[in-house]
Amino acid sequence: MDSIRTVGIIAKPDVPHAASLVVSLLDWLDQRGIAYRLDPVAAAYAPGRGAAIPRDELPEGCQMVIVLGGDGTLLAAARAIAGRDIPLFAVNLGGLGFLTTISTNELFPELERALRGEHRIARRRMLACEVRRGEETVSRYIALNDVVITKAHIARMIDLVAYVDAHFVCRYKADGLIVSTPTGSTAYSLSAGGPIIFPSVAALCITPICPHTLTNRPVIVPDASVIQIVNSAADNDAYLTIDGQVGEPLLRDDRIICRASPHSLSLVRPPRMLFFDVLRQKLKWGER
Amino acid sequence: MDSIRTVGIIAKPDVPHAASLVVSLLDWLDQRGIAYRLDPVAAAYAPGRGAAIPRDELPEGCQMVIVLGGDGTLLAAARAIAGRDIPLFAVNLGGLGFLTTISTNELFPELERALRGEHRIARRRMLACEVRRGEETVSRYIALNDVVITKAHIARMIDLVAYVDAHFVCRYKADGLIVSTPTGSTAYSLSAGGPIIFPSVAALCITPICPHTLTNRPVIVPDASVIQIVNSAADNDAYLTIDGQVGEPLLRDDRIICRASPHSLSLVRPPRMLFFDVLRQKLKWGER
Amino acid sequence: MDSIRTVGIIAKPDVPHAASLVVSLLDWLDQRGIAYRLDPVAAAYAPGRGAAIPRDELPEGCQMVIVLGGDGTLLAAARAIAGRDIPLFAVNLGGLGFLTTISTNELFPELERALRGEHRIARRRMLACEVRRGEETVSRYIALNDVVITKAHIARMIDLVAYVDAHFVCRYKADGLIVSTPTGSTAYSLSAGGPIIFPSVAALCITPICPHTLTNRPVIVPDASVIQIVNSAADNDAYLTIDGQVGEPLLRDDRIICRASPHSLSLVRPPRMLFFDVLRQKLKWGER
Amino acid sequence: MDSIRTVGIIAKPDVPHAASLVVSLLDWLDQRGIAYRLDPVAAAYAPGRGAAIPRDELPEGCQMVIVLGGDGTLLAAARAIAGRDIPLFAVNLGGLGFLTTISTNELFPELERALRGEHRIARRRMLACEVRRGEETVSRYIALNDVVITKAHIARMIDLVAYVDAHFVCRYKADGLIVSTPTGSTAYSLSAGGPIIFPSVAALCITPICPHTLTNRPVIVPDASVIQIVNSAADNDAYLTIDGQVGEPLLRDDRIICRASPHSLSLVRPPRMLFFDVLRQKLKWGER
């Protein structure tokens, strides 16, 4: 990593103790001569300390982006940063997150370590998704967790036809379908019955949501696969959602094409906290 | 059951061979001097044989209602008939249904038997549901299968707080919640991970849909219970659906109150087909 | 309940702080002029305070039996007491149990209340089980939680054919089959994917363990049912277990017949702790 | 693959039509001047046609081994052949298997194709397993499907502590633990709730069997991982099973170490039958 001269700061709104933390952080950076760029939320927490910069433009010129919030804030930051090789330093403001594993207590010591270049980077694979309508690509997205197609309204279930590398998998009659990265395996996919996938496994997971056919179980495919989902539901009866945050309604015969993104996310991780340690705490697996 | 002088006929639209079946049925009834009342779909299948009568009014004066269709048609018929003690004679026009277990081949022999009063009646408990908003009851429904509260839009999950007989059960963070009768246990609840409940068990099942807390498992309560679900999702973020067919958007703090209905549904069943026989066929459990 | 003149005491072995608790309990009873009968473990905890009486004989002449231990101790006590209408007062010596919900802190206040006759009794349905071999009944058991048939050795799975009230349900190819009471629904059946059943639901649950046919889901039947499981595994390849504690190897063609016992268990429960409160704590469902 | 001069033949016992098939196969090979080596079962099916050779020695000098049977026969053959790069040609004598996808109708055409070198080879990763007791390795196994540790007797559950690459994962209280290859993901692991893993995914799956902690879900790790399971059950309370076929009782503190084997299995596959086609048929997913 280049030496850090400018950091971006992205914060979650409406967190009671966030304002004082942002101010302390800015003071700390000022003392070390490090410049910063603030997203609109961070700017609002620290009036007069810097202009509000839209999240999409925030990463420009930064060597690291600090996220203060929860996993949701980090997901949004990851999409904003996607395609640039800038590490995210993710601090959880509430409970431990699967992704935001640095606590506020650890913020300054870990930041100190990162400035010295002694931090550990975890790379997380992202998922590229495009929506094809007839011959045209009508939208493109990049996801850290998952690409989800669900029934949009009252409809009991929708019909989705899945292909992997052009081979027919099956026709799902279900509430929906989740295409998940290993990172996303502990998010929505887990609630829908999917397995936990270690981040470095080179795979994607297709998890059906409440499938009508009870034998339709989660399927793990190599991450070199191209996954294609053909929407057989009527116009606007199915909805596409990226990381649970953005999306659009789908039309009949839309094809959603998912593949591993050439970009991955660089996440600064505290040295003591490993994947299974986070799992044990989040899933209350108990201790030795 | 009173001797059958008039039957209602409710049919599923857009079934290729339904028109000729309806005509044969009317001829058969004419020969036996039995009057009939046709719903709009049945009337359209047999032009000139009778006026189209709205489903809600159809049961009046009937001693039996014949349903030609699938489980969906029967669910709609059951709600139309609810509160009147008129047996439903349910013929499946497509594949075997959980509820529509009489095949078209068996239609006339079974009808013959029913006219002689030799048929078996299965009683299915129904579920009464009301939506309370502040001090007011804003709507009432009756369900044969289930009362379902789900996230309405892009929202990842909604917060629903459940009480049984005024005792706090838990706060669910989930895609939604299903309150199911034993009859509905083989419908949506089964897809969401619920158990199969024999129709005569005096119980209701609360099945969470993709719960965030993995230990939130289906809960079976006595059917004398009053189940109350408080919607903690924002206005219009949650949607109420009855039997997968009708419903309405919910507002924050709406209370959905479910209890066993005083009414039950009377279903004419073929003498040889038992609950477990249907299960084995529908779920492909294999044979002896 | 009759006024309490004599109590039985059953204790779990090898619990560090149990000896002093037993001694305190005996002192407390002595002060109130209440006699006691000690099982071998309780007698060993309090040398010189009373003879060791086998558990089977312990309930004689008692108006209440105090169990000091965990759910396992209570299961054994329930079988020893079965058929006599003597309430069990179950104190957990370790963590909260599903059945042993009285903590050691609450022991004396709750006991005081019980002596005044102000305690609440919860009745739990038990399960009677017999093993038929040819024309003969070779053994009989009574279970509070469950009757379990599992593969005994290396065998990958066993064949078990289930009938409910003489109607064929299906042939299971599985690691085994659990027939559970509502009380047992939170024990082994839950681990095998079964639902949680409120204690007062008049039902039994048949839960397959790792079934080969993925659509073989838990089935809830009325507790008036007679459940018959025919063992199609070779001699000694299947094993019968009662409440996870006692049992025997099975021979091919043995029939295991389960039905609700005419006896139920009377459990003294603390007034504030309700079924869902225990569930929330044990399953870590979180709070309001 | 070398040109085929000698084939091994391994057959499943007690299959009614197998004898005539073996004889036809030997005639067919004789006509083409191809030598054969018969395992004891194949030799018994075709008396006088060749000596019975133990399975372990059978592969010597063969350029291909034909397996006539089901997936179980193939698993045994795979272990016999392990470490030698000889393709298995697996014909199912009964229903379609996940591994034995060549039907008896296809036997001779596919064999013709294989002799011409036009067949497709699918490589399946195998799993090496060793049992460490103190400082000593007491046994070594190789598995195509899975390494399974289960409770051996009546015991309700056992304690198993899992590590991945020396990092503590968790302490499982369960009926057992399955370490599965992608190939094994459609076998026992699927019954225990594991996902379906495409054969070419470079991963192993750790699936708990009926875990007491409901959040203990299947975990997918890279196949470069070393998985270590420490048995905390009492001597002989836990049992190790390889591919559901061979194994041994375990002692307390035994460590079972699993890692991807350097050897993989070469499987001759019919050109039209793809992984998802087999899945759809076996799991009855329905068609387009």
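To keep things simple, chains are lettered A, B, C and D as they appear, and every chain counts its residues starting from 1.
Here is the rule we use: contacts are C-beta pairs under 8 Å (C-beta built on N, C-alpha and C of every residue); 3 or more make two chains touch, one makes a residue touch a chain.
Computed from a prediction, not measured in an experiment: that's the story for all the values here.
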item: Common touching chains of chain B and chain A; value: C, D
item: Self-contact between copies chain B and chain C, residue sets same or different by half; value: same
item: Distance-maximising chain from chain A - centres being C-alpha averages; value: C
item: Pair of chains joined by more contacts [C-beta pairs], A-D or B-D; value: A-D
item: Distance from the mean Cα position of chain D to that of chain B, given in whole angstrom; value: 46
item: Gap in Å, rounded to a whole number, between the CA centres of chain D and chain A; value: 37
item: Chain B residues counted as touching two or more neighbouring chains; value: 190, 214-215, 217, 283-284
item: Touching residues (chain side chain B, partner chain A) in the complex; value: 152-154, 156-157, 174-175, 188, 190-193, 209-212, 214, 239, 241, 244, 247, 283
item: Chain D - residues contacting chain A, complex; value: 161, 164, 167-171, 182, 185, 190, 194-198, 200-203, 205, 213, 215-222, 225, 274, 276, 279-280, 283-288
item: Partner chain C, residues of chain A touching it in the complex; value: 214-215, 217, 284
